[in-house]
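Step one of this worksheet: look at the structure below.
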Amino acid sequence: MPDLAAALRDLVAANHILAHEGIVHAYGHISMRHPERPDRFFLAAGCSPETVTLDDIREYDLECKPVLADGHTMYVERPIHGAIFQRRPDVNSVIHNHAHEVIPYSVAKTVRLRPLFITAAAIGAEIPVWDSRDKFRDVGMLVTTMAQGHDLAQRLDRASVALLRGHGSVVTGKSIYDAVHTAVLLRDNAKIQTEAMRFGEITYLDEGEIAKSGGPPQGPNSRAWKYWLARCGDARRRGEGR
Amino acid sequence: MPDLAAALRDLVAANHILAHEGIVHAYGHISMRHPERPDRFFLAAGCSPETVTLDDIREYDLECKPVLADGHTMYVERPIHGAIFQRRPDVNSVIHNHAHEVIPYSVAKTVRLRPLFITAAAIGAEIPVWDSRDKFRDVGMLVTTMAQGHDLAQRLDRASVALLRGHGSVVTGKSIYDAVHTAVLLRDNAKIQTEAMRFGEITYLDEGEIAKSGGPPQGPNSRAWKYWLARCGDARRRGEGR
Amino acid sequence: MPDLAAALRDLVAANHILAHEGIVHAYGHISMRHPERPDRFFLAAGCSPETVTLDDIREYDLECKPVLADGHTMYVERPIHGAIFQRRPDVNSVIHNHAHEVIPYSVAKTVRLRPLFITAAAIGAEIPVWDSRDKFRDVGMLVTTMAQGHDLAQRLDRASVALLRGHGSVVTGKSIYDAVHTAVLLRDNAKIQTEAMRFGEITYLDEGEIAKSGGPPQGPNSRAWKYWLARCGDARRRGEGR
Amino acid sequence: MPDLAAALRDLVAANHILAHEGIVHAYGHISMRHPERPDRFFLAAGCSPETVTLDDIREYDLECKPVLADGHTMYVERPIHGAIFQRRPDVNSVIHNHAHEVIPYSVAKTVRLRPLFITAAAIGAEIPVWDSRDKFRDVGMLVTTMAQGHDLAQRLDRASVALLRGHGSVVTGKSIYDAVHTAVLLRDNAKIQTEAMRFGEITYLDEGEIAKSGGPPQGPNSRAWKYWLARCGDARRRGEGR
């Protein structure tokens, strides 16, 4: 399975890219649906994205049970991934992150995050906010059960991105390349929107502009992916490893 | 053509400088008019500025057709460069970028970007904003046709800089050294103005101050260029290569 | 005492982590209660955290007198540590820092710092502010006497964190791992809250959410510690040294 | 003159420190009064502080004429240094910089920069603003003549720091160690004050607090200097060179 091996190396690289670009820090994770078995997905064992290696990648079913029960440390918030993969067959990668620039939009009562520059169109016109208080006040804010995961996936619905109140966001993509691109641009749009809103009334992208753009297509040879690989130093390491 | 070879190496360096200073990221590009054939210009093939090497530089005519049709990946927004080179014989370098600090000024309805500190005088007293919605709503926001390029060039008119609504900016210069200097100081002025405007009424440079300053002359041996080269590591690499 | 040796190496690493994460700069310090003698604590001699080595660690009693009077340079604000260790037997590590993002909350007359995202729950629901002016106007703002230290410890009371007006903060923990985690998240919460407050009314964590979360347990093998070690380069150095 | 040689190496290090800490960028300069000839001072030839080496240091008289007329490139704003050294025998180092965080305070009509945290006390209670428009509108904003320098020095008067409207600041010190410390803390105070002012009414240091603190004494072995040396990599280089 040479393709799977390359895909897993790119999943490791995605971890490093997200860490280097400041989207994830100590916490956060990115998953990839198994390219040959859509009822399974890959996710690192419970370590920080910056430190992930190929040996840390584990396989889970869509109920988030490990395929090999080798006693490895696991992210407790795996249900975010499993539930979205169940509900959304079009999604092949999910990122959960606490990007600092995005969190204010998860707690603001009267302001919402909206794409305002063309490259960020892929974040979508409507970004739902999921609040754990609505149904799960008793068990806390972390998404640790499939019931919580399903509720979040339902709130996400057909969107690319959902915010988690007082917590962070989930970002989805047709591929890990798409999901990484959307996660970086979500952060950039949040940062720019926060500054732009100081200036009074501003112009956002309209529905037509979002639909027409949607962002450039992403893949292992796309411009942005190669740029992020180079920045986090994985471009060179990949060359040596292949 | 030893001068041309040196100029092309400096065009590569300009790509690296703009990336290192955070003016361009995955996207953005810088062109240089051919020093001996004013009806042509040089631009990297479709890769991120940070990863550009001498092998990536391509030659185009002012209609943005490649001189050698070798099937290379191309920036779709080449018309920004061709159209400005056609209209402005005084311009020998054009930068298109999405610097985060500048974008808020492209979407604000009541605030405009103006030089407020002496080093930024070269951005000019009046910075026009081009909006793709005015004439090109049907085809989207990217500048992919010569018709869009000409419309943008007309909006730019005699200015050094124009903003593209919800997109970024174009920066022009008599040389790549000028264009890089103006692009960095445009970003710096935007960042500083955003903070200064919090303080209520502020003093901007007046027309006389802008005219008298205009910024220090720029060239391959100017202080700022050598500083930026050193910062992005190209000073050493250049030394090894020559 | 192999455990003590490992603990001291981790205290050195804590200095480097806090410097690398921008919590301390030229000034600031972190102490660790002696794991076998609760009436003593360890603290670096008077150097910046980034430059601390194992040779710089010194032992003090809870009156902040050095156990070995070898004439080393000492932090003048040692009483912060001694006084808190006296009053709070549950505390085994104290950090004093001037993190820039937190200082505004120490001087604001009408705004208070409150946890608004889950990972920052450990900073606690109530963060007291200690003002040297109240009792010590004559001797200045630094905490250089045990009387000042005791007054600050009393203001801290049972909280995890206290702010010092016009100065910085103190952060406590059951372990150095806890204290470092809380100090980083305190800074992150301050940065995010400052942005979020621009958006009008916002939702903070409530008492129940703070109590339920409290943050993940921290130790030498916890995810965040290993991430911070890797980032500041100590992970590799530790490997070589062991 | 071993002391002079060490002092000059520290002047080179001061250039690197100011660049690494983001106080100076392509432009800006730091001078040191000749320790044995108070009617002379040292300043780099016209290069960016980050790139300064010992070979770039030149000697000037207090009228800013070079002692050796070797045709080297010179900073045009030397009169800032010469005029302040003439008026202020207590000053042995002058820094001119365009730190981004400080410039807003130079153009604000109703807000002034004031120390609000203890480490920044050395910037002083009153920070005058010099405006080139008042007397030198005809010749522009740069301080290129001794008449401009004297006018600026008069506006500075007995203060540690003065702002230049739409331009930057001058920072003085009893030594290069003092001047560097004050310049970094001036920047930090500006950054923190800008955030704190969002929170409505805030508490600044009062006159007594400023007088009592004044900041820790600075020298080649002080904590902050060694920290900044380590950060910019000069600590190691110095070790090799001595």
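In order of appearance the chains are A, B, C and D, and numbering begins at 1 in each one.
Here, a contact is a pair of C-beta atoms (placed from the backbone, for glycine too) under 8 Å apart; a residue touches a chain by one contact, two chains touch by 3 or more.
Remember, it's a predicted structure, so these values are computed and weren't measured experimentally.
The chains that touch both subunit A and subunit B are none; no such chain exists. In the contact between subunit A and subunit C, the residue numbers used by both copies make up under half of all numbers at that interface. With angles rounded to a multiple of 5, the C-alpha fit of subunit B against subunit D returns 90 degrees of rotation. One simple way to say how far apart two chains are is to compare their mean CA positions; for subunit C and subunit D this gives 32 Å.
Separation between the centroids of subunit A and subunit D, computed from CA atoms only, is 45 Å.
Chain contacts: subunit C has residues 198 touching two or more partner chains. Every pair of chains meeting the touch criterion is listed here: A-B, A-C, B-D, C-D. Across the complex, subunit B meets subunit A through its residues 25-27, 46-48, 50-51, 98, 100-101, 103-111, 137, 139-142, 165-168, 194, 197-198.
Within the complex formed with subunit D, the residues of subunit B that make contact are 116-119, 188, 191-192, 195-196, 198-205, 208-209, 212-213, 223-224, 226-228, 230-231.
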